[in-house]
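Common to both upcoming complexes is chain A, partnered first by chain B, then by chain C.
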Partner chain A sequence: MIIDVTVNGEPKRLQARSGDRLVDVLRKDLTLSSLFSDCLSGRCGRCFIFLDGRLVHSCLIPAFKAKGSAIVTFEGLRESPEVREIISALEKAQAMPCSFCKTGKIMAITELLGRKPLPGEEEILEQLDMVSCPCTDPVSLVAAVGIAAELRNKRKFNRADK
Partner chain B sequence: MRKESTDTLPLLSTLHFPGMLYASTIRSSVARATSVHLSHDPLPAGYLCIAPADVAAEGCSLLLSEGISLFAHADVSYKGEPIGLVVGPDAAICDELAQSATAVYEEEDPSLEWESFSSSQIAYRYEIDYGEVELAFAKSAKIEKAIYRNGIFDHHYSEPMGAIANWEYDKIAIYCATQWPTHVRQAVAAAMHIAESDVVVKPTNLGKSLDGRLWFPSIVACQAAMAAKICGKPVKILYTREEDFLYTPKQARSAVTIRSASDEQGKLQALDVNLIINIGAYNPMAQELVRQAVAAITGIYFCPAMRLEAYAIKSNIIPLGAMGSIGATHAFFSIEAHMNHLAKILGKAPAEIKMLNMMSKGSSNFGAPALGYEIPFSKIHRQLEKMSDYRRKYASYELVKKRDPGCREGVVRGIALTLGYQNGRSYSDLPMMNAYAVETTLDRNLNLVINTQASIGSDSLKAMWKASAEAALSISGEKIHFAPPNTDTAQPCGPLTLSRGASIINRLIERTCRAIQKKRFRESLPIVVKTQTKAISPPKDPSGQDRGIPVFDAASWCGSAVEIEIDRISGEPKPLAVWMVVDAGKIVSKELALSSLRSSIISALSLCTGADFDPEKGGRDQYLHDRGMRLTDVPDIGIEFIDSDKTTLAHGLGELPFITIPAAFYSALTQALGAEPRQLPLHGSEILRLLEAP
Partner chain C sequence: MRISEAYYPATAAETVELLRVNPDILILAGGTEIVGLQTSRVIELPAQVVSIAKVQEFRKAIRTEQFIELGSCTTLTGLLGLSPGTLPHPLPEVIRSIANHAIRNIATIGGNLCSRNRFMDLWPLLACMDAQVELRSPSGARWASVSHLCGEDGAPFFPRATLLTRIRIPLYSYNFIVYRKLGSTQYPGPGTATFACLANVEHGKVADFRLAFSGLKAFRLKDREMAISGRKTTSSSREIKNLIDEYSRSFSSQEWFDSRLFISLLEEAFERLFA
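Then we have the complex of A and B:
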């Protein structure tokens, strides 16, 4: 079947079989290398996408369900100031995740900070728990999200670095 | 600042070569058979089924070594063992075709029993008989015997197992995430009957491996290489996460029986130990597993007489092997649990009994070289007690338990501390296990290039090594680079286990940098210095018997305290706090060391609270229920380093949590329960049963 979607702002036509998962179709048709078809059970978070603005596991979405939707993947956000701030914060806190879960964690942090400009520790851990990978210690991750939140708020409210 | 490394290749999932084919594994549906005949429906155009006969017809070997099949053909040794491949241009179609393939077997009853075993199941045996054991038992005031068991765990590593094989001009190139590139090269050369120089292994991003990628990547690499030879195209095998969970090696399970003789104060007079490690269908590192476990169980407490029999036992389940500390986790948990048992019998505090028996300067077990220095356990112990408020908490939890034995009203809590060590070497006789080499070059632009296969290691390790080079040569970190770790150009290395090889590599880097420093202003650039370790094996007496394992080579010392609370409704044990005091020599980067320890502590806690895998059951249910510790359940973690300024040598520390945390967690659990379950992990229903028992 043919599925018309918008991916990272561009209209795309995807070719899928009835049982195909959205993650597999996006990887195969559009070679989006930030997405991994890994646990296929919504636990690892390595297939996170924004589907019509909501953060979802694309491994749990049948491809046909995405018809007419707007999809944003890590590739579409990579150059945004929000994601650049998150990457810079992860580096500063020495909390850069491994290559396998990095994009999943960045997508999860992007969603959290979009919804909650100053998240608490519990909220940060709840959010990052959606990306199960033991590569990074939670203390450093919480510190990184705090730095990212600060960078974002400074930019938003036009506050210069002291 | 820690940035993502550019020295290694990206993840295997993201690598693609023109014309590349995908291969899916056809697996045995029975656990034991004496012959297997593969059959399948006609395949679509462009797809090919590779059976063992096709591999043999190409002149390749079907065995990696004795008992280890690349494809089962004459003997199936576990359910899920590879019996063939489906190769084609679409990975999803290959998966479907592999699942629909069938086979006819000459099935036999699988041997699943391992605690009582037959001689044909013994893969490796190690024995110690030292001192007057029977006499000591006959004379001793207290004789105690107990058996301790631990389960099977998944490594939860980053990327599932896989490999790409690609003929590149005159060599076969293997791309895979491995902790031991040299082993992959040797295995592929042996399987293909080609020279090792005709194989180049290009390691891909390893991520967190927790010793799950020591030797199994070699098997997948051989399969990919054979498929590439038969198809004449690059071939990629990449397991699905579920396939990886169900069919790749996990931490081995064990049963340790300890009989001890002690005097009335609790001083050990004799130990009689029977250690059985179930390695599943096979494990080429069985010797290392057993020897590391023996070193752990016999290394920490002084005992004048000891009899020990240790076995690696095969059974018809998936291969089982190392996790974190190779075999030390099982052994430490058992000996610590036994010391707690002794303390309980004698009515003393566990810490008191442990300190009474601790090895000290000049003491030696079963003829191993005497300890030439004082182990810093007393200092670690004092610091740990202070940090964790151990004495007060221990006493108050004991009091609560006495007042409310069924824990019906009060809080069900326990606290325990454990001392342990991580040694810095391997005990295996396997070739290349102990061979580490580094070549360092200071070039004309004053760039320092460190060439070693160990650069497959984590960014934290590389940051530590960089810092050592930076300090030795006073050059900026930006000028220090690691050469790509491929086997054609990088200096060969033994397995880069969790952190065991790390301290050896650090010393070699320091040694090469010091040599460069001496030559730096006398010789013209570039200056190249190479150094390597000597192969070492356990010392032997004149009759050829092992003289005991020198357990404290380049050791790091630590103590861990764990405080837990049992949920009175679900029975699940929840860690409340963890404290660690570490003496690992010089700490090159405190932030990175803290971060590495914190993440290893979480993985080690997962061993205590997670689901243990039952390979006899298999199945998707276990896969769906398996996950590491939730970040929201991670307890407060306090870590302190001691004496890091008293030495210039840095030792590995990443395995310390795997060695001490399960033992401390179990000990805390026994205090909370007032019972000795003698197994790990332990879950809600069993805990509630123990709590409610009279």
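Then we have the complex of A and C:
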């Protein structure tokens, strides 16, 4: 079946069988290499996408259900100021995740800061718990999210560095 | 690989018409359970599937003085996004304990109640809260108790060619609440189960006592609940032991979950209630 969607702002026509998972179709048809489908159960966080603005595990979504939806993947966000700030914050806090979980953690932080400009420690840990990789220590990650939040708020409210 | 046909109805009436034409059509809202249970790369689906996630009628929330009515396709995140105080306690806390944020973004309240394989986290609590579900089929619509989604054998039951459209939760409040999850707190599996016990304690007496336990099957003794309501909270330890024994005997005969774990929850609830 044909599924019309918008991916990273561009209209796309995906070819899928009804049992195909969205993650596989996006990887195969559009060669979106940030996406992986390892666990197929919403545990590893390597298939995160924004579907109509909501962070979801694309491995848990049958491709046919995405018809008419707006999809944003890591590729579409990579050059955004939000993601650049997160990467910079991860570097500053020496909390850069490993290559296995990096995009998943960045997507999770992007979503968290989008809905909570100043998240608490518990919220940060709960959000990052969606990406099951223990490569980075939680204290550094919490610090990195705090730095990213500060950078975002500075830019948003046009605040100069003190 | 079976070639399936997918439908995208825009209204409840169109969905019911699809059910009339093919009573065995699979209706998917979030689909997290059906998809999450399958470990193969390609999901096995019936020949005809319907996606109802975008039907606006199934996503509305209405609150009156007596109850809150929720469209069955309201996502769990959508429920948590309602104004504070809209959902009765302890529903927000319970919803927040289900899976993770990304799964709650697609999982729906209807899907949580419609599972064919096991009872999910909300069933025992909503059963205790006397919640009702609107069931629509080609022959019409009717309201039924959430308890109606449990078959005579205690296993999940959902009528054929039927659609769950709305959930109505009374806004009655309880001042005694015990809610516990056993097994994996995030993802349901064979070892997971949920315990809910609600009551009101007024003037040293127990009122409106309810207790439900569910997992692969559901367990509730309404006649026992009636007998407990009206008791003094200062009941003797012998009386409390008798109550626990009665529940334990009935539960042990069902053999779908480790009765020792159930009994420990029961003891905790009764010790707190009759402290």
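In this section, the second predicted complex is superposed on the first by the 162 of 162 C-alpha atoms of A that agree within 3 Å, B and C clash if a C-alpha of one lies under 4 Å from a C-alpha of the other, contacts with A are read in each partner's own complex, and residues count from 1 in each chain.
Everything below uses one rule, namely that a contact is a pair of C-beta atoms (placed from the backbone, for glycine too) under 8 Å apart; a residue touches a chain by one contact, two chains touch by 3 or more.
Fair warning: this is a prediction, and the values are worked out from it, not measured in the lab.
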| item | value |
| --- | --- |
| Joint occupancy of chain A by chain B and chain C, clash or fit | fit |
| Which of chain B and chain C A:Gly68 touches, first, second, both or neither | second |
| Chain B versus chain C as contact partner of A:Glu91, first or second or both or neither | first |
| Spatial angle chain C-chain A-chain B, Cα centroids [nearest 10 degrees] | 90 |
| Touched partner set for A:Asp24, first chain B, second chain C, both or neither | both |
| Touching partner for A:Ser41 - first (chain B), second (chain C), both, neither | both |
| Partner chain in contact with A:Leu60 - chain B first, chain C second, else both or neither | second |
| CA minimum distance (chain B, chain C), superposed complexes, angstrom | 7 |
| Common ground on chain A, meaning residues reached by chain C in one complex and by chain B in the other | 24, 40-41, 43, 126, 129 |
| In the complex with chain B, residue positions of chain A that touch it | 24, 33, 36, 38-41, 43-44, 91-92, 94-96, 98-102, 122, 125-126, 128-129, 132-141 |
| Contact set on chain A toward chain C in their complex | 1, 17-21, 24, 37, 40-43, 45, 48, 51, 54-57, 60-62, 64-65, 67-68, 108, 111, 126-127, 129-130 |
| Contact set on chain C toward chain A in their complex | 1-6, 8, 28, 31-32, 35-36, 38-39, 41-45, 49, 51, 53-54, 75, 77, 99-103, 105-106, 187 |
| Chain B residues within the chain A interface of the complex | 1-4, 10-11, 13-14, 92, 156, 158-160, 205, 207-208, 210, 240-242, 459, 591-592, 594-596, 598-599, 602-603, 606, 623-624, 627-628, 630-632, 634, 637 |
